[in-house]
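Look for chain A in each of the two complexes below; its partner is chain B in the first and chain C in the second.
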Partner chain A sequence: MTPAGRRLPPRLGQGWLVAPPAAYLFALLIFPIVLIGLYSVFLRTNLTGVVAVFSFQDWGRFFPASWGELPWRTSSPFWNTFVRSMGVTVVIALATTALAYPLAYFLAFGTRRRRSLLLLVVLAPFFTSFLLRVLAWQVMLRANGVFNSALWELHLRPHGEPVSWLINTWFSVGLVLAYAWVPFVALPIFVSMERIDRRLLEAAHDLGAGRLTAFRKVTFPLSLPGVVAGFVFVLIPTTGEFVTPQLVGGPGTYMFGQAIQDLFVGTASDWNYGAVLAVWLTVVVGLLMALSGRALTMDPRR
Partner chain B sequence: MERLDRRDFLRGMAGLGGAALLTGCGAESGLKAAGASTGATGRPVHYPGQVGAEPDHLVIAEWPGYEAGGTKAQTYGLTAGRAYTRRFGASGLTYADYGNDDKNLNKMRAGERFDLLHPCVDYVQDYVDAGLVEPFETDLLPSFDRLYPQFADRGSLNGRQYWIPWDWGFGSVMYRKDKVAEADARGWELMWNERYAGKISMWDGGSTPVMVAGLLTDPPAQDIFHQTSDELERSRQLLIQQKPLNKFYWTSEYGDMQPAFKSGDIWITYAWPADYKAMGDALGYDKVAYMTPSQGKLAWVCGFMMGKGTQSPLHAHAYVESFISLAASANLVNLFAYGSSNASVTPAMVKDGRLARELDIGNPEAFGPPVHVERHIPNRAEYQEVWAEVKAS
Partner chain C sequence: MSSATEPLGRAGRASLGGYYALLVVFLYAPLVVIVAFSFDDSTIAALPFSGFTTRWYRAALHDPTLLDAVRLSALIAATNAVAATALGVLASLGLSARRVLLRPAVTALLVLPLVVPAVVVGVGLLILLDEVGSGPSAGALAAGHVVITVPYTVLIILPRLRTLEASLTEAARDLGANQVVAFWAITRPLMTPAIVSSLIVGFTLSFDEYAIASFLIPPGERTFPIFIYEGSKVPQQRPELLAVASLVIALSLLLVVAAEVGRGRYERRQVAAGAG
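== the complex of A and B ==
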């Protein structure tokens, strides 16, 4: 009989536990990133008849040779796409966070008895594939879709004259992305609100703070880690988004993720240039994660 | 080994293409009878063995809608291919979306393998040069001798038959007659007409929009299939100018273009005859027109190629035969309003006489000026780059 409580040396045990995910991460994350890195500096290429030799040529193509009057009007079309995409991504992330906050607040403070049911309702769309949900929006937004038909039936618009900006515009891309991300943002905010010690709010009221002041001085600062986490949850995947703009966007809503996709598997076959864009996006996302990590570890009470 | 940079590579490709163009011109001037599978440089190909000894599985890169009759994937009523599925069953056939020629070529360059693919004639040389395909043994294709030589010859490189033509048709502007003023619908410039901003959709077709732009630049490109750097720059500018007028760039005729045209989201689009037939049938031919532009339509011939290293070449041959046979070809013509490579299909076999006349179905003589018959683009990488930049602009 082995003595109760005998354990393996912790280092060895931990090492074995970490091995499978580490191998998984190395094979499916680190190795592909290194490979993409090699393509970005022309140490590998998909062009036939070309010898791959180290070169920054494609990086030179990506960074603008001349800067226009605006950061998205430079001589490099792909740089312009990047700046435009990032701008739109930040706006979408801000809008989504603003939409999710009241929802999270209601879940945390406004309801007690039906909370589980409401949480289930918030999460229900995730039982369906993302692609199907985007396609459903297509059906709703297009010229003879649900919204336009309703406007016609209600005589709010002449029959046969659809509202054209409903689809293939930044509006439709923003709407569908916000719809997709709101629950993702609401959940971390909800969790951070749940953790707020209710006695702090009672103390605020006892000390004469009104509801608004209590919210401003207690609830909001304490929910900030959830807000930052939610914001980052949207920001990071949206920077590489390509499905939504492809399905409900138009030529004017071309995003950086679509450019990368096109350069690898689309009509243009330029893996080296595609790799430059992919590495650049990875670096930017890495920086955003590092910054958000700092923001999350900061103590909001200070 | 000295490194060839991208510019040298593109220049080299252009030179290679120029040589190919000259060869191509030679082939066009001296038509030979279809059926020869030997040539000056290639040795005859022979696939020995029994079809029963091969794996009965074929992976086929195919344009949606063209799947063999008898398969679950075929939902448009095409019966071509049924001879194959009757003999070997449908369960061994797997289809991958061909997407478009640029996409599939890039996919295969990246290592994806298919037993059969359905490229258009202008890409035949790209596939052969990249070593991605095997030649056919034309003796295994009983209907091969019935194919128009002017089509079949385009698939013969180095004396080997790498490509078997099947379908041909046009690329032009389809528009709503009831929405577009007749005076505006004279030529390709309709796609650039600001009056219809937001009601236009160009095909996300890689090299194709660049060809179209070459017809309209000032001055027009000398050869829209081999534009010089200056001409490409002019085409790029013209396409950037056209970009905001599009509702979207369409990627799939059935997936996004036809539904949007039917619903009225778009009125003007790049389209093929099958789209015209589908939309004419749906909306009425009084509302839909397929333009004969003053600058000329584009025209294409597509067909089958056999992927390098296929384990089932005899099945592949049987599959191709089941498409180029007379019955299958007649079905193609009547269902999709495309032309057939099979010379036995006559205009009289086309049920819709009006469509036959309008689209020149059954008349391969339509393949001449002012129609621009698509052919190998020597500097294709530059075309692809132009289109990628237009989209990103």
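== the complex of A and C ==
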């Protein structure tokens, strides 16, 4: 309720106008996710001549019956794929955040007048097609691609002998994903650094702190919300990624998103089992969001 | 502020400046490589250069499969831009109302597509299509693109709407305009910049979208990203792809610069108008 005497802010729109967009997303996002859930417990199926009856059988196939010596060497191949690609995703997100931090720091504290231009320069490639940039890396990293042929031309390697780990490896998948995300991750870190009250740094100096101490005690803790946001920005889309490993990865870099895609549109399709993997991915992403939401709302001063 | 309190010393600034330069090289190297080899007279993109040619551009511009793919993508992207922007305008107008039923839940729903993995969106729509008894189609793909575009249009349009002087609309109502007239005469023109950005974002998002398209495109049809993906598996087709890629890169960088210049002009005009 508005206190008496204070004027209500005049309204620009009416609440019911959200109904069409909300209904649209409900029908084409929420409802399909519910359908995936029904598929995962075999209450629906696309198989003809099979009666759909509630069953946890596909979930039983996904969760390992016997745990091997390592969480990615169990009896369930798709579970192993999940653990492996989650691990790689976390490493990629950490590396990308580490690469983006100095960039954000430079933009926030090392520039003055040309800041928006310098920011635009690093963000501009992000506006060109993602697929084309992945293609460019494929052209560069291939066995007879730009890098290897350059090494041969410079007589740094015998002609015809490519560097074996350049493509179809976790290296190439990680490199391309980090490449794609660095500017995007730098953005929230930059914003959180810009928000820092410069008087805090002055106060730190007046109290005898050197630049390093001021960074450690003031700048770094206050930039953490941006760091967490940037880390999550990479983590969320990479957990379900399947385009990059398809283009620059190999048999050894099979990722969870690829597994889901193969189970739905691949040659040996199994929608009900694929639905289990899709539900699991949604649950994991939801948990990550909830965790990061808590980290983002934590007060860094405490 | 004395220089000793600056967070960066001279050496720090120089080394971070060097790091920035290295990152710029890293970010632009693939783009430069694409453009450079699109003019190379060899079917394999490798050093040394074999000579200058524009034949890959001619081949690309005369490739019916490519042109069909670009046409289909443009159609889907335009549909997506208009539909998602319309939904974005409705959602923003609704959310700027004083009272909205279940506001937190509705807001969460509107930005939810940002965090649901694309593969889950694609799988869900594929199952939905199967349930309603129709297979994949270009129309279904456009509908799927609208799902992932709506959060962007809301995030572009809603902040702009919030900065509008609500008193202007109120004045129009006081002068006898009904709600629709007030919207058309006052709110709409003031929202134009946000709507234009929203249309551009909606078009580019869809034009570049591969993940959902890989689930919803009917066999035998291709959008531009599907064409690129299929072409990347065929070595003979690569030089042509590089030529198309160069054109797309040039276009999108031009668009970014134009948008930035336009925004600068618009803001200066706003400031001038405010001062006058």
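FYI, the second predicted complex is superposed on the first by the 284 of 302 C-alpha atoms of A that agree within 3 Å, B and C clash if a C-alpha of one lies under 4 Å from a C-alpha of the other, contacts with A are read in each partner's own complex, and residues count from 1 in each chain.
The criterion applied here is as follows: a contact is a pair of C-beta atoms (placed from the backbone, for glycine too) under 8 Å apart; a residue touches a chain by one contact, two chains touch by 3 or more.
Quick caveat, the model's predicted, so the values are computed rather than measured.
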First, second, both or neither for A:211, with chain B first and chain C second: second
First (chain B), second (chain C), both or neither touched by A:81: first
Which of chain B and chain C A:268 touches, first, second, both or neither: first
First (chain B), second (chain C), both or neither touched by A:244: neither
Which superposed partner A:21 touches (first chain B, second chain C, both, neither): second
Touched partner set for A:46, first chain B, second chain C, both or neither: both
Which superposed partner A:223 touches (first chain B, second chain C, both, neither): neither
First, second, both or neither for A:32, with chain B first and chain C second: second
Contact breadth on chain A, by residue count: chain C or chain B: C
Which superposed partner A:150 touches (first chain B, second chain C, both, neither): second
Common interface residues of chain A - those touching chain B in one complex and chain C in the other: 46, 144-145, 246, 265, 271
Chain A contact footprint on chain B (complex, rising order): 1-6, 9, 12-13, 100, 102-103, 105-107, 109-110, 129-130, 198, 204-207, 243-244, 246-249, 251, 259-260, 263-265, 381, 384-385, 387-389, 391-393
Footprint of chain C on chain A - complex, ascending: 8-22, 24-26, 28-33, 35-36, 39, 44, 46, 99, 102-103, 105-107, 109-110, 118, 120-122, 124-125, 127-133, 135-140, 144-146, 148-150, 152-153, 179, 182-183, 198, 201-202, 205, 211, 214-215, 219, 236-237, 239-240, 242-243, 246-247, 257, 260-261, 264-265, 271, 274-275, 278, 281-282, 285, 289
Chain B-facing residues of chain A, complex: 46-51, 53, 55, 57, 77-78, 80-81, 142-145, 160, 162, 164, 167-168, 246, 249-252, 254, 258-259, 262-263, 265-271
Interfacial residue positions of chain C with respect to chain A in the complex: 1, 4-9, 12-13, 16-17, 19-20, 23-24, 26-31, 33-34, 37, 44-48, 87-88, 90-101, 106, 109-110, 112-113, 115-128, 130-131, 143-144, 146-147, 150, 154, 161, 164, 166-167, 169-170, 179, 187, 204, 207-208, 210-211, 214-215, 225, 228-229, 232, 238, 241-242, 245, 248-249, 252-253, 255-256, 260
